[in-house]
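The structure appears below as structure tokens.
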Amino acid sequence: MKLFSIKPVYAHCDLPCGVYDPAQAMIEAKSVYAIQTKMKDFEGDDRTRALFIKEERAELVKHHLWVLWTDYFKPEHLEKYPDLHDKFWKATKQAGECKHHSEPEEGQKLIEMIDEIAEIFKATKNA
Amino acid sequence: MKLFSIKPVYAHCDLPCGVYDPAQAMIEAKSVYAIQTKMKDFEGDDRTRALFIKEERAELVKHHLWVLWTDYFKPEHLEKYPDLHDKFWKATKQAGECKHHSEPEEGQKLIEMIDEIAEIFKATKNA
Amino acid sequence: MKLFSIKPVYAHCDLPCGVYDPAQAMIEAKSVYAIQTKMKDFEGDDRTRALFIKEERAELVKHHLWVLWTDYFKPEHLEKYPDLHDKFWKATKQAGECKHHSEPEEGQKLIEMIDEIAEIFKATKNA
Amino acid sequence: MKLFSIKPVYAHCDLPCGVYDPAQAMIEAKSVYAIQTKMKDFEGDDRTRALFIKEERAELVKHHLWVLWTDYFKPEHLEKYPDLHDKFWKATKQAGECKHHSEPEEGQKLIEMIDEIAEIFKATKNA
Amino acid sequence: MKLFSIKPVYAHCDLPCGVYDPAQAMIEAKSVYAIQTKMKDFEGDDRTRALFIKEERAELVKHHLWVLWTDYFKPEHLEKYPDLHDKFWKATKQAGECKHHSEPEEGQKLIEMIDEIAEIFKATKNA
Amino acid sequence: MKLFSIKPVYAHCDLPCGVYDPAQAMIEAKSVYAIQTKMKDFEGDDRTRALFIKEERAELVKHHLWVLWTDYFKPEHLEKYPDLHDKFWKATKQAGECKHHSEPEEGQKLIEMIDEIAEIFKATKNA
């Protein structure tokens, strides 16, 4: 059983390119959410650590989304998905909200927003 | 259609924890391989850039594998998979080989090694 | 003579906030351009080093622009400047072009695109 | 209206060089100060976050000052400004103080110290 | 008096290589321990800062150990020291424990584990 | 046989503090030198990789020296060693030279400069 195909599925970029995948942002977003689901039970040093691990993970969500937005998506995608910019803007803003807030609802909302982006991503790959 | 479930599937760790997933190493490994498949056609500045992007990606493969090895896997996993240490050691060494070498065979070998680790990971999650 | 006023001019953000300033992206963009103006004379090791310093600087341009876009700009700004998203998308894409290309025209174009963003930024600060 | 001139004003360095500008340290110092002006009202999670954002920003102040000191300034500048070393040493130490302390006076002192360095920088550029 | 010999003592690696030295992990581990010896007296902001400085230092311990394990050690070393993998795994896990815990005993244990690795390292260098 | 004493020898700093040690800069400087000793035999991809590994290592030398200068040394040390600032300035500039140049003489000079700093450091620790 192979969990990953050996054949890489990468973006049609011109030159030395990365392999784009919304899973990178999603994994970090799930970390954010996982921390938030536990935070109501955290006090003292544990809470402090949870806060800055959440801060780091949310920053990584932003980074992976920004890279996907700038480097993967092309003008023809934008034409087909005119709210693409807005989806990325709001998802990265929501990652910022997850730094401020510790309720799992915030992380869940972030996950849903990345999921919508992932659907568009998948559709463009299959196009 | 949801590409990712909202419910995060994270490791049973004690406290502020990350969400572990071999996909992080795999995505970077596929970047390494993607670059290698193109390198025979690269010269001059393009080759220089390809070399250091490959270097960075291979370093990220190492990092993600190291985190998985140290932070996710527990003594009980080691008991069941006694060659776990060796698999990680060889996979991270292979990521080093991918820095040195530009043949796609090296990247493919890396992908296969991460795939074996991913299978163990998956088995331990389902246990 | 004071080059900087002591009173910080920072964005109206809710909580622990940064001070936003397009100058951060601009300084890095000028580095990119400065390197490009010299590259036609560079060979061998110097060229290799110029390439990866340019790569790093262009990445910093992207990063500073992304932060400005997500963290500083608010929905009311977008309403007034409906092409804001597109300006950032194209500017960060142009930073990517500056990685690929070594002609100063590419860096100059990047500088002009950041300058347009800086004008919008300034207008929103004075509003 | 152009906020930035297109012509980059960069240091006379030999080879692949950056563009030096005390504005980089100053922007981060203003973030430090901005956080400090709000810290007396911060408690709990907000205070924790403010502390580590301040820590990061103060570290960036140090970094930008160090680069300016080592990479931009030349022996002839030192001859003309014999207390240059001391100004940088004290300014970077003050950035360290801003990590320890949360009173805006500390950040203001840092800003003033960077301002003095910026004046020397400007004088050397015009020389 | 020379504290360091000029002649570098580096690993027998094939190509562009680093100089491996367990001192890198040890210095960071001593920082972790130093912070832990003071933490019982720390409250409020000082404690928060101590926690994330400790977090960063412990992460650096992990990183330096991982590099040593993957990049320096060779199959022939493993043959001679069959518990090498386990020593590294447990030492990096102990660095993780030092993030969770603030008792100096945890840091002392980490130092002892790195010391054992350093002895093996030294033996392999003299072989 | 213990290679490292368990008792950490750290600087007399006020609060959450690091453990300072010129060995950190020295290890990286030895990497720089090690690479330079091999560079005359390097061509093509190997040379490219050697160049950017050397670049990274030299940057780390700078960083570790800067931290030592700003964070460890105190006004009383400066009084006793009035050329302390200059020694650090020149050593970090020499690290920059090692980025530009590939002759081992440059790296050796860097090592000697760090060695002088290390002697002062040791003297201040024993004071």
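Each chain carries a letter (A, B, C, D, E and F) given by its place in the written order, and its residues are counted from 1.
Following the convention adopted for this analysis, contacts are C-beta pairs under 8 Å (C-beta built on N, C-alpha and C of every residue); 3 or more make two chains touch, one makes a residue touch a chain.
A quick note: this is a predicted structure, and the numbers were derived from the prediction, not measured.
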Under the touch definition above, the chains in contact with both subunit B and subunit F are C, E
Which chain's mean C-alpha position is the greatest distance from subunit F's? A
Hey, which one of C-D, A-E or A-B is the same interface as B-F, over half the contact pairs lining up? A-E
Centroid from C-alpha atoms only, then distance subunit C to subunit E, rounded to Å. What do you get? 39
Rounded Å distance between subunit B and subunit E, as computed from the means of their C-alpha atoms: 23
Centroid from C-alpha atoms only, then distance subunit A to subunit D, rounded to Å. What do you get? 33
Each of the following residues of subunit C touches two or more other chains, namely 15, 48-49, 52, 100
Draw the chains as dots and join the ones that touch; what shape do you get: line, ring, star, complete or other? other
All pairs of touching chains? A-B, A-C, A-D, A-E, B-C, B-E, B-F, C-D, C-F, D-E, D-F, E-F
In the complex formed with subunit D, which residues of subunit F make contact? 14-15, 62, 66, 69-71, 85-86, 89, 92-93, 96, 100
Which of the residues in subunit A come into contact with subunit D in the complex? 47-48, 51-52, 55, 99-100, 102
Please give the residue numbers of subunit D that touch subunit C in the complex, ascending. 1-4, 6, 8-10, 15-19, 21-24, 26-28, 30-31, 33-35, 38, 42, 46, 49-50, 53-54, 57, 108, 111-112, 114-115, 118-119, 122
Within their complex, subunit A touches subunit E through residues 45, 48-49, 52
